[in-house]
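What follows is chain A paired twice: with chain B in the first complex and chain C in the second.
Here is the complex of A and B:
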């Protein structure tokens, strides 16, 4: 009997370890959340804090879902920040109050769908362009997206003449700033996007193709996957997601300018990496991406809440990212 | 598991000094500590808070308006009601004011002007800043003095051939400073001929690049360089020095062939003046602005604020001026205008910290 019991405990322990090892990102997130809860005597668990976190991370979540899929196919995208910036500016320019004399199109009251459409299309075009450069132009993703990053930045400055695109209509701002009961609209949009991405990655042929390409693109090709087409598709999907991110960000801020969303690519890449989307490709889940975003979000939020000096915040964030990637690499090095 | 340990350790390190004794609490939302003026502003806030026994929660948004909104939300959840704000953009101030008004608080805005709509959110919202047009007018005065002393530098027909390096387009400081210096020179009877003008986004390196191109294109055709801030002025100075656009003496106050003017009176700009490079600048008073804003926030936090309150010895304006938001009679009593000061060869030493 005693021997049986001991074996049972051992099994349970093994199971627990396996669970932790499999869900490191979730465990990390929960640990951080509990830690912050203790440090703030429970206030970080109260609804206003949770709500703040959701609002703060929602735009980044869209960027992360986009680049997360790209990284699953073993790509990378550095153009996110400036593409989102350009999209936000384009969307904002069609949503300015018509009586605002400094508007880009003064005196014109555009219908509400136009800024959203223009923004998402702009994002999609940049994604498509990235995809074509990488898939058919055979450019390394790093270089191709570095180029489009600069193009997006230049286009933003030219389009806006480097000015602030402000004074947005309330009807546009409420898209981002409104709430459904206690739940911020932004969080609802993220939830909807998550469902789509989850279905795409888990329950469609296309999703399987993304993993196959990231795991081994030669093998994927041999097994009949059109690697070029799927690559274009994944970058375009990501571009559309950045498009949504930019539209929502403009609505949230009530403006856009050349500084909007700068550096978002690093936040998004870091978040999905912390969330277990391996840089070696072929590995990662939608839930991982969102857990990654929330993990970095809670670190940001916690440090702001605790009043940590902004310079130290950058240090801490940097170290946490390095540590997360370190463990990620070790995990997959062992497997290989 | 190791990851957990590391992260737990990081959190533990951060845990120091979380709980404070009940003191008046003021939140300070600061645009970007990388900018000299803003850094000086924040440093003075810390000094004032320490003196007044105030718990100052100072956060830097690193030029990101989204971050600034998140920081505001976080502080509001923590129960902070009264704020000193150096915003990222005028257009975002109304939204911030509304969020603060919702918890019955108040705020004083500095450096980037709040919109009229932001001040109209409630009587507890203030402008504690310097009217940008005054900086431009003072530049015009300095230029007038320069050409009075050196009439030979003028082009025929009392003409000023100017190069303008502008801040971020549409930024209130860019708009009002530029308009005022141009209007000031014309009012003084000069013929102002703009040889070239372009934005360098407040940045020295962009200004230097623009200036390099302009020296090549307009060599000898301009007699002054007017900029919206010291950073760009120093970029222009570097460019002129590199191009050897200099003369052997500094009798007119600069070794450059043409005078260069900035705004801000940063320490590095004053040093350049001491080396006869930058000709003159205008002090945007970080101590004056931060002291005014801080005293307003503190008065609100301690229930001592009444309309007409004197902050840093300044009374609120009574008559609407020309520049938003102090141009609207409805909010004029919420506008505290901190004066700019001309900084020239005669007085620059008094502004140097050492």
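Here is the complex of A and C:
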């Protein structure tokens, strides 16, 4: 009887260990959340805190979902921050109040769909451009997106004449700032995007192709996958997601300027890496990306709560990325 | 060197090396005389490269002694060996193409001009030394020229010059002529004769019979990790050489191949690669239920040929006909649509998706047929079909969701065969289907191939293993240096007849 019991616990312990090693990202998140809960004597679990976290992280979540898919195909995208910044500026320019004299298009009241459309299309075009450069131009993703990053930055400054695009219409701001009952709109948009990405990655041929290309692009080619086309597609999808992120960000902030979304590529790449999307390609899930975003969000929130200077927060973020990639490499790289 | 009256400059005695499960070298001895060309011959996998890797310290031998100019030596790296005067010219060039000839030759030991504590590159000395070196070897190469701008043969000449610049007493050349034209080869031979006249010993590894008789003084033959013998070239002829290279018992066993070839399914007409150094004017046909073996030695361009048929490489000219109809195959997708499947030789590099499950590894090439009207993957059907295939092939795995990287080589290969059977092909191209698989699993793969042929599938099997070619093929087609040198019916296919065609260099 006793032996049986011991075997049972052993089995359970083994299962527990397997669960942890399989869900490191989730375990890390829960540990941090509980830790923060204890530090704040439960305040971080109260609805207003949770709500704030959701609002703060939702724009980043779109960027993370985009770059997460790119990393699954073993690519990278450094253009995120400035593309989102450009998108936000473009969207904002079509959503300014018509009687605002410093508006980019003063006196014109554009329909509400135009800023959204313009923003998403801008993001999509940049994604498409990245994809074509990488897939057909055979540029290393690192360099191609470094180039488009600068292009996006320049375009933003030219388009806005380096000025703040402010005074957005309430009807536009409410898209981001409103809520459905207690749940902020932004969180709902993220949830919808998550469902789409989950279906894409789990239940479509295209998603499987992404994993295949990231896992072994030569084998993917031999298996009849059009590697170039799929690469263009993944960067374009990511661009569209950055487009959504930019539109929502402009609405949330009520303005856009040259500093909007600066460094978002770092945040997004860090988040998905923490969430278990391996830099070696071919590994990662939608839920991992979101867990990564929330984990970084909690760390930011915690540091702010503990009164850590925002300069130190950058420092900590840098170390987190390095540690996350280090573990990632230990886990997967030895097989290479 | 004046008192150097020793008979041998390099002696390797009783060298043994084993890897898990393989006796790669078994007490091999090789003695090389100064000023002579010593040819080293043997089939693929006979142990020639392993022996040379032991010499250069890339592998540590389990037993044996290496003596250079009467002194016992043990090199730990190619650099050690170079400094002791033993150098190697590799089959693949290993230069820095974007740098000049002189920089390449003195790479890592550039002459420096000291100014105080600092050292600066002495370009002038480098240039002059290179000029002298080239003159002494009768090579007309400008030291300032960019290495990558030279022809392959000149680049190779530079590597030889580099070897000489280390005052090499032994130069090993591994298939140096494999990417050279006839005139370039003739020039290489002239350089080799110049070298030997200076007292340098050359170990010449080659598969090409005619070259051995042109350039070598002595020849050593290896087979299955053993040294069969060393003979003066004058005392041996081609027939005897071939017999010595292949003369072993057929230790592998094969299932009976019972299918009888039917109508022609695939016809290849005058296929020429877009790469001028690859295959030229290859024609053949493949019948229903037939296993066509493609044999040849390293560098015969067998893989390149089948990859081109599958749309992975560009063609300059030629036609591919599937069931009598001209097929435009530009990408693997086109080939798959024509009912062609391709199991590559490099299982890790271009076969498996290590981090995907067995199910997905099986289904990846046929997902088009498993998409619902709502464009979603039909996971249940995919899972059921890949389970069925892997069970039929007896893939041993804990579950279908196991990552393929956790399976043995033989089981990974079965998953890959399942992958391609799922595409419902008529023609299977299998490039080295049993490479890196243990003997038991090999037999299972052979049985599988025989069954497929019996069920009317046509198989092209590229193989470097003679017994496999002879044991499994209805016909064996042989390539040598990108040319189709002949096709043997089962009755005529022997190790000797294949080897004769495989070494028939034009």
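Throughout what follows, the second predicted complex is superposed on the first by the 332 of 336 C-alpha atoms of A that agree within 3 Å, B and C clash if a C-alpha of one lies under 4 Å from a C-alpha of the other, contacts with A are read in each partner's own complex, and residues count from 1 in each chain.
Keep in mind that, in the parts below, a contact is a pair of C-beta atoms (placed from the backbone, for glycine too) under 8 Å apart; a residue touches a chain by one contact, two chains touch by 3 or more.
All figures in this text were calculated on a predicted structure; none of them were measured in a lab.
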Room on chain A for both chain B and chain C (clash or fit): fit
First (chain B), second (chain C), both or neither touched by A:179: neither
First, second, both or neither for A:97, with chain B first and chain C second: neither
Partner chain in contact with A:49 - chain B first, chain C second, else both or neither: first
Which partner, chain B or chain C, touches more chain A residues: B
Touching partner for A:39 - first (chain B), second (chain C), both, neither: first
Which superposed partner A:287 touches (first chain B, second chain C, both, neither): neither
First (chain B), second (chain C), both or neither touched by A:316: first
Partner chain in contact with A:279 - chain B first, chain C second, else both or neither: neither
Touching partner for A:301 - first (chain B), second (chain C), both, neither: first
Three-chain overlay, closest Cα atoms of chain B and chain C, distance in Å: 22
Residues of chain A that lie at the interface with chain B and also at the interface with chain C: none
Chain B to chain A touching residues, read off their complex: 1-4, 6-8, 10-11, 14-15, 17-18, 33, 57-60, 62-66, 69-71, 73-74, 76-78, 88-92, 94-95, 168-171, 199, 201
Footprint of chain A on chain C - complex, ascending: 310, 312, 331-333, 335-336, 342, 344, 349-356, 360, 364-365, 367-368, 371, 375-377, 379, 405, 419
List of chain A residues in touch with chain C within their complex: 199, 203-205, 208, 211-212, 215-216, 218-226, 282-283, 332, 335
Chain B-facing residues of chain A, complex: 20, 24, 27-28, 31-32, 35-36, 39-40, 43, 46, 48-49, 52, 55-56, 59, 102, 161-164, 166-167, 177, 249, 252-255, 257-263, 300-308, 310-311, 316, 319-320, 323-324, 327
